[in-house]
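Heads up, the next two complexes both have chain A, just with different partners, chain B and then chain C.
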Partner chain A sequence: MSGQAKGRIFPVVVISLFCITILAGLFGTLLPSLNYLPVIGYTRISLSAWFDFFSYPGIQTSIFVTLFSGITASFGVVCLAFLFISFSYGNALWKFFEKILAPVLSIPHAAFAIGFGFLIAPSGWLMRMVSPVLTGFTRPPDWIILNDPAGLSLTIALVIKEFPFLIMVTMGALGQLDIKKTLLVGRALGYSKEQIWLKILIPRLYPHLRLSVFAVIAYSLSVVDMAIILGPSSPSSLSVLILKWFNDPDMSFKLLAAAGSLFLFFMVVVSILCACLMERAVLVFLRPWITNGKRCSFVSPLKSIIFFMGCGTLFFTAVSSVILVIWSLTWQWRFPDFLPATWTLKLWAKGLMSSFDPVMTTLFTGLASAFIGLLLAIGCLEHEVAAGKTRTRNYTGYIHYFLYLPLLVPQITFMAGIQFLLVIMNMDGYWISLMVSHLLFVLPYMFIALSATYIAFDERVTDQAMLLKRSYIKVLFRVKLPMLIKPILFSFAIGFSVSVAQYIPTMLVGAGRFSTITTEVVSIASGSDRRAIAVYALIQQCLPMMMYAFAIIFPKILYYNRKGMQV
Partner chain B sequence: MSLELNNLSILKQGSTIFDPVNLVIKPGEITTIMGPSGCGKSTLLSAVSGSLDKVFTLKGSILLYGSNMADISMEKRNIGILFQDDLLFPHMDIGSNLAFAIKEKTSRVQKSQIIDKALKTAGLEGFEKRDPSSLSGGQKARISLLRSLLAKPSALLLDEPFSKLDQTLKAKIRLFVFSQIKKMNIPALLVTHDPRDCPEGGMILNLNKEKG
Partner chain C sequence: MKSFLLIFSGVLVLAVFSQAVAKDWSEIEKQANGQTVYFNAWGGSQTINEYIQWAARQVQKKHNVRVIHVKATDISDVVSRILVEKAADKKTNGSVDLMWINGENFKAMKENKLLYGPFSQKLPYYQLVDIENKKTLLYDFTTPVDNMESPWGMAQLVFSYDSKQVKKHPKNMLDLLAFARENPGRFTYPSIPGFHGTTFIKQVLHELIHDPEVLNQPVIQSDFEKNTQPLWDFLDALHPFLWRKAKVFPTSASQMVSLLNDNEIFISFSFNPNSVSNAIKNGELPNTIRTYIHTNGTIGNAHFVGIPFNSSARQGAMVFANFLLSPEAQARKADPTIWGDPTVLDTQKLVGRDKDLFDAVPKGIATLTPKELGQGLPEPHVSWVQALEKKWLETYSK
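Right after this comes the complex of A and B.
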């Protein structure tokens, strides 16, 4: 041993993968934006693509609507999450949230957006529930709810979809604070629980959540699949416009797409900087409020509003799945009727047949990227454990700095760049590059999900096993990993569901040669047959659910007669 | 006549965990409850402070200056607590930690005067801007007591407040705490397993485990 813990290859591979792909992606976008794309004959560096971008008809509206929906959604969801935690931590609603978080999070964005659209559209289920009794409508009203020009429906859908994500990262971070004792101390000083949360605990919690909040901002500004389904259409939000340019048969639009996606990246960077400034400002301005000494209990209307909104997000998530099921089984359904007049399984039969190939691509890509993600995550964590034991350099510690990178740069920006580079190197359209592009987003979530439990594993068990078996590999595969089967399968399911939901990497890196269930769902979402759309959206939603179910059931079957593993 | 426990006992699954307690603590007095760990000392304190876990039920009454505490929530009781951990808020400076305790209708100037004065009594002048984690154990313990007292509690509970301090410090901090309680003239209830923690001349109650 040369003073280095074994397995350092894993963190080195992961960090290089992250750095190289993101830097290459940004570089690959920068060049075409400066008019350099030799494949289609552009070799003279100039700023013309940028001039074209800023003079594109309707571009100001696009930028404005992107900023409006992205910032409103991020700000709204962060406030909602913090207030919700403050008002309901530890109560029955909170415990219910803890239980259903995983299935709620596993719903792909596209499937949710479609279900949500089926609910709120003028001819949607909500309108049918109150028509014609309350509204008098016998035909759908002529309102623009879906694809509204201000992006409101997109904003609301983003809030609903990001809310459980923020609650999940908060639950992870809560373990690092001494909540019970802080509440005791605060209450002994005469403050109500809600006040202690808002004045003491949230300010302490925020530094742990900062990166997740940034990820929410980046996602909300650059979301594509949900924006295609729910967002404004003409002009559409910036990310959708960029994708349109990218896929334009006129190759010169690629330069415009490159400039646009760099501008989107710039918007994300500026928004994140604003979030940092706002954090500072809030800290300064709220200091007098924190120590103003007022003791009051928050039995205000605010509390019920927040409860209502928290439950509302759950309601909409659940009901948008239900409406998908109903539509997928519908044969005939006239407008004001609450339920379909006739039902059928034909659409399912047709949908399952026609979606077979995309589903297979989705499965293979998801399984492969989650499997490689798992190998890398376990390798890195093993290295961290080994480094801890031998008190040597821990390379895995550095991973945390890089883990969030793919989540902070807009997907479309660096995926576009990677695609340009792949085209230049004549390597585009291979399945392996598609799978690696998924891995970039799969790995961070898997690592975050697995690391806490993995590091907390009682190493005395492995030490004992090493004394008996003397083979590291045998001990790892026969003792440690089987004992950790539950968190491992769970992290696998998370990785798989992240891969299933990927839209932009498949569209760009797949170069049109691969279609997954997600790209299919988004492309038929604009169609008119709600029944077919519902079937596809449900297939997309079922894939991750099945993996979660497997992760829950398999350990139970495997260890049905081992009481110590049933926790 | 100020803090009274009348026939106080705590039940868990129908059986009491210690003999009924009868106590009267006058302002400025400190009564000590002794007993081995697990005898229910801390449970008794949480009953008085109002943070009793739901698995327990309370019998008897707790009176503070004549008013029954039974149905009053913890934050409304105006009873301060001092724990063995300092539990200062690590993200605030010392001044903010203390200001957090001061009740409203105090101007900022008044507040900083109050904090200055409090810090002086503890021999910690000029500590307002200090980071809590830069303080020694004894300094933290003193700040923690100051914070509890700045909320002007009507009574103070001490849950083994000295057990984490080292021997030489213990005596000093003890004297400081006891003198402050005297000065505030409030009743105090101390829980400990160390006989040396008891103030001179204070009443001592040994908590007995209920038999059978």
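Right after this comes the complex of A and C.
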């Protein structure tokens, strides 16, 4: 068992990697927020940046909008996901979701936001579908739908985009519970299916999901790309404002940006603490309802609404992608034409030609970081399993606290600090640094995706194999991992798609030496050509989709003659 | 005799000087051979990206200098990165060798000593640059250029309108207000802070201020309210008739192009007199869009390329900057079917093949003639930007 004893190296490496980088990053932001940035002549520690921050015109509105859209979206999507599971688990819709989830998840946030924006704008596709025949509009109406000052369109888009993520995490966690038996017993006692879910299964499921829920909260509060496209503009949400300050030609705004991003971090922490309090409150106030023994359900009328909303998220995601395809083939398209007046392949020809190198960089970085992420994740999980068996200290247990840090701390808060450190150590602009910076975000998601199934693996199989062949490594590689190939490839695909989507780390750590498809998308999106934006966004979307397709198809081919592996 | 001697010695000095320049230059070209230049420039336009690719191929062929276009979303990202490098005391091997820059970013780089130093006078083609008539080539948003950046192109605020929707375009700001009243929701400007939005309010101020002369001086806080009152009165009157009743502003000038194409707005503006012609050619805008400027002129400026202090390929960067100034590159850039960015050269100085290159540049379908465009109004002193942005945010961003 020497392999298992050495296994603790994995969690130790991971924990130190995560702790050091994030603490260093935070420190690099803390100093400028305290007015200390010698390079532009600020050397006296003071709180003036914080005063400037709180007296910035419109800052209250900005903070309020951020809180409103972030918290409403998180709360909404959690409720929607739980109710959706309760109503639809096991039915045809659920099975359809299982199949469609991977491609839906692989759509990058920015690409979705662009498509969604074009769908719902007053001059958007929905309006074009009904104009001028039904509405009489030959010119788009002057309505506030996009970029509304209250951030509603942003909130809705966040719900749509986060919903499949929560469903995926839930699907992963379902393996931890014996759903079928619980449902059977519950039904025998006369409870309806939804009631069993809401009263028994969800409360037991929640502990497995809570970190993902926190990640959703953190993401919704600190989202940048979607907020630029769909969020309010004057004032914009806090994360966008911070980005503007970071990029202001007037260098003294960097201090303001540092203070702002720490405040954003503070908002995330407080929101998560509030979520913890809410968990307690739910526990206290809903316990009587859970144990009241009543069999009638007040939630049933909600059923059709929830179905409608669940399908709505799919519909909007799908149509947002379709719209991108149409734009990418457009030459001229004006309101109120339902389809473009002239079509072309020119934009694709140009886009494909100039995106070859960035696509290659993206592929290599994504594959490398997902591969290393996989090694680390499996190493940590093996250690956890082994520690469980031998009842020794489980270092991987600590990982859960640290691994989520990069998802909880707003990227913008600590990446700037990391960039500074890398430059000092002369390590910026190297591919290896770039890859490791991606790993910070790749690993947590891979861990989320893999851990539940991995831990739930029936260890009796490995024990049996060990009896036959006393080599831990051989058993791991020839029995256990092949049996887990599906979740492993799936988490690999998730890791890859997370790497593909990284923008801020690529820009800050890569020092402009590496352009990925995402940096290309973001830079072309700063221009006006929606057709080119669509082409690049679709290329960006293709990469993860291919990886997901591989993750689905490869095990099927590999085990076409193994009945037990077909499920 | 005396004057002859004077002229003779003058010629001699000039000859010696230009020979020295030539010698220096051939030395620079020699050192540049084989260097890789990371050219950081905004990458939001495929047209411009393709032009940069073309120029990179030329210097690769002619001088064996490899130019890599690092596409920035916003050049201030790049300024930040150089600042970080300076803070980390990285004096050589900086990540940026040449960057597309002007205005506030240039000022920030100059003030924080992030630039390499005077170099543009060393470039042979700099002699063709029209510094006599184009004052903005010496004062970038009123910051003295001091040869620390090399001119690349000219810009001027130009309004665009859909001639199908607007029969008679406005001729000044009051006309524009009248247009907005008649066509509520069909005009807007990008949010502030932001280059294009700020330029629009600078233009308004220029047209409405009692004494435009004060704009050339640094802002005097005590007079700011009084001087800018006509601007705020104008905006107060305009905002209720703007797109989305001024509750939403476009995030960028790029978004304005989409809005114009979608018929959401009828009047837009850009900073390149040829951009509309180019967009029509690209299919991005319909061919009913035309451009105009206000009777008393519009704000104009120039854009440049600069070398950061820690570039280790500065000779290569200079060779590329020099090529960008060549009549060949400038004429191609001025062609609206390729990019349409106005030249910084004095085309009067050109002879022979160089002149033919410019004569062959077609006039864009929606482009005004140089005469119609006029000289362009000077940018207000750079201190106005922050004062105006701050006041705008306090008044309208709540």
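Some observations on this one:
Definition applied: the second predicted complex is superposed on the first by the 413 of 567 C-alpha atoms of A that agree within 3 Å, B and C clash if a C-alpha of one lies under 4 Å from a C-alpha of the other, contacts with A are read in each partner's own complex, and residues count from 1 in each chain.
The rule we apply is simple: contacts are C-beta pairs under 8 Å (C-beta built on N, C-alpha and C of every residue); 3 or more make two chains touch, one makes a residue touch a chain.
None of the values given here were measured: they were computed from a predicted structure.
In the superposition on chain A, A:G388 contacts neither chain B nor chain C. Of the two partner chains placed around the shared chain by superposition, chain C is the only one that A:Q419 touches, whereas chain B remains out of contact. Looking at the superposed arrangement, the partner reaching more residues of chain A, out of chain B and chain C, is C.
Once chain A of one complex is fitted onto chain A of the other, the partner contacts of A:D250 are limited to chain C, with no touch recorded for chain B.
Of the two partner chains placed by the overlay, only chain C lies in contact with A:N147; chain B stays clear of it.
Once chain A of one complex is fitted onto chain A of the other, the partner contacts of A:G172 are absent, as it touches neither chain B nor chain C. In the superposed model, A:I200 lies in contact with chain B only, and not with chain C. When both complexes are overlaid on chain A, the residue A:T344 reaches chain C alone and has no touch with chain B.
Of all residues in chain B, only 49-51, 74-76, 78-81, 83, 85, 87, 89-92, 96, 99-106, 108, 111, 147-148, 151, 153 touch chain A in the complex they form. Considering their complex, residues 38, 40, 42-46, 49-50, 53, 70-74, 76-81, 83-90, 95-96, 103-105, 107-108, 112, 165, 184-185, 191-193, 243-245, 247-259, 261-264, 279, 282-284, 286, 386, 390, 393-394, 396-398 of chain C touch chain A.
Residues 37-40, 56-58, 61, 121-123, 139-140, 142, 144, 146-149, 228, 232-236, 244, 246-251, 254, 330-332, 334-335, 342, 344, 350, 354, 419-420, 423-424, 426, 428-429, 507-508, 511-513, 515, 519-520, 522-532 of chain A are the ones touching chain C in the complex.
Across the complex, chain B is touched by residues 178, 181-182, 184-193, 199-200, 203-204, 287-288, 290-295, 297 of chain A.
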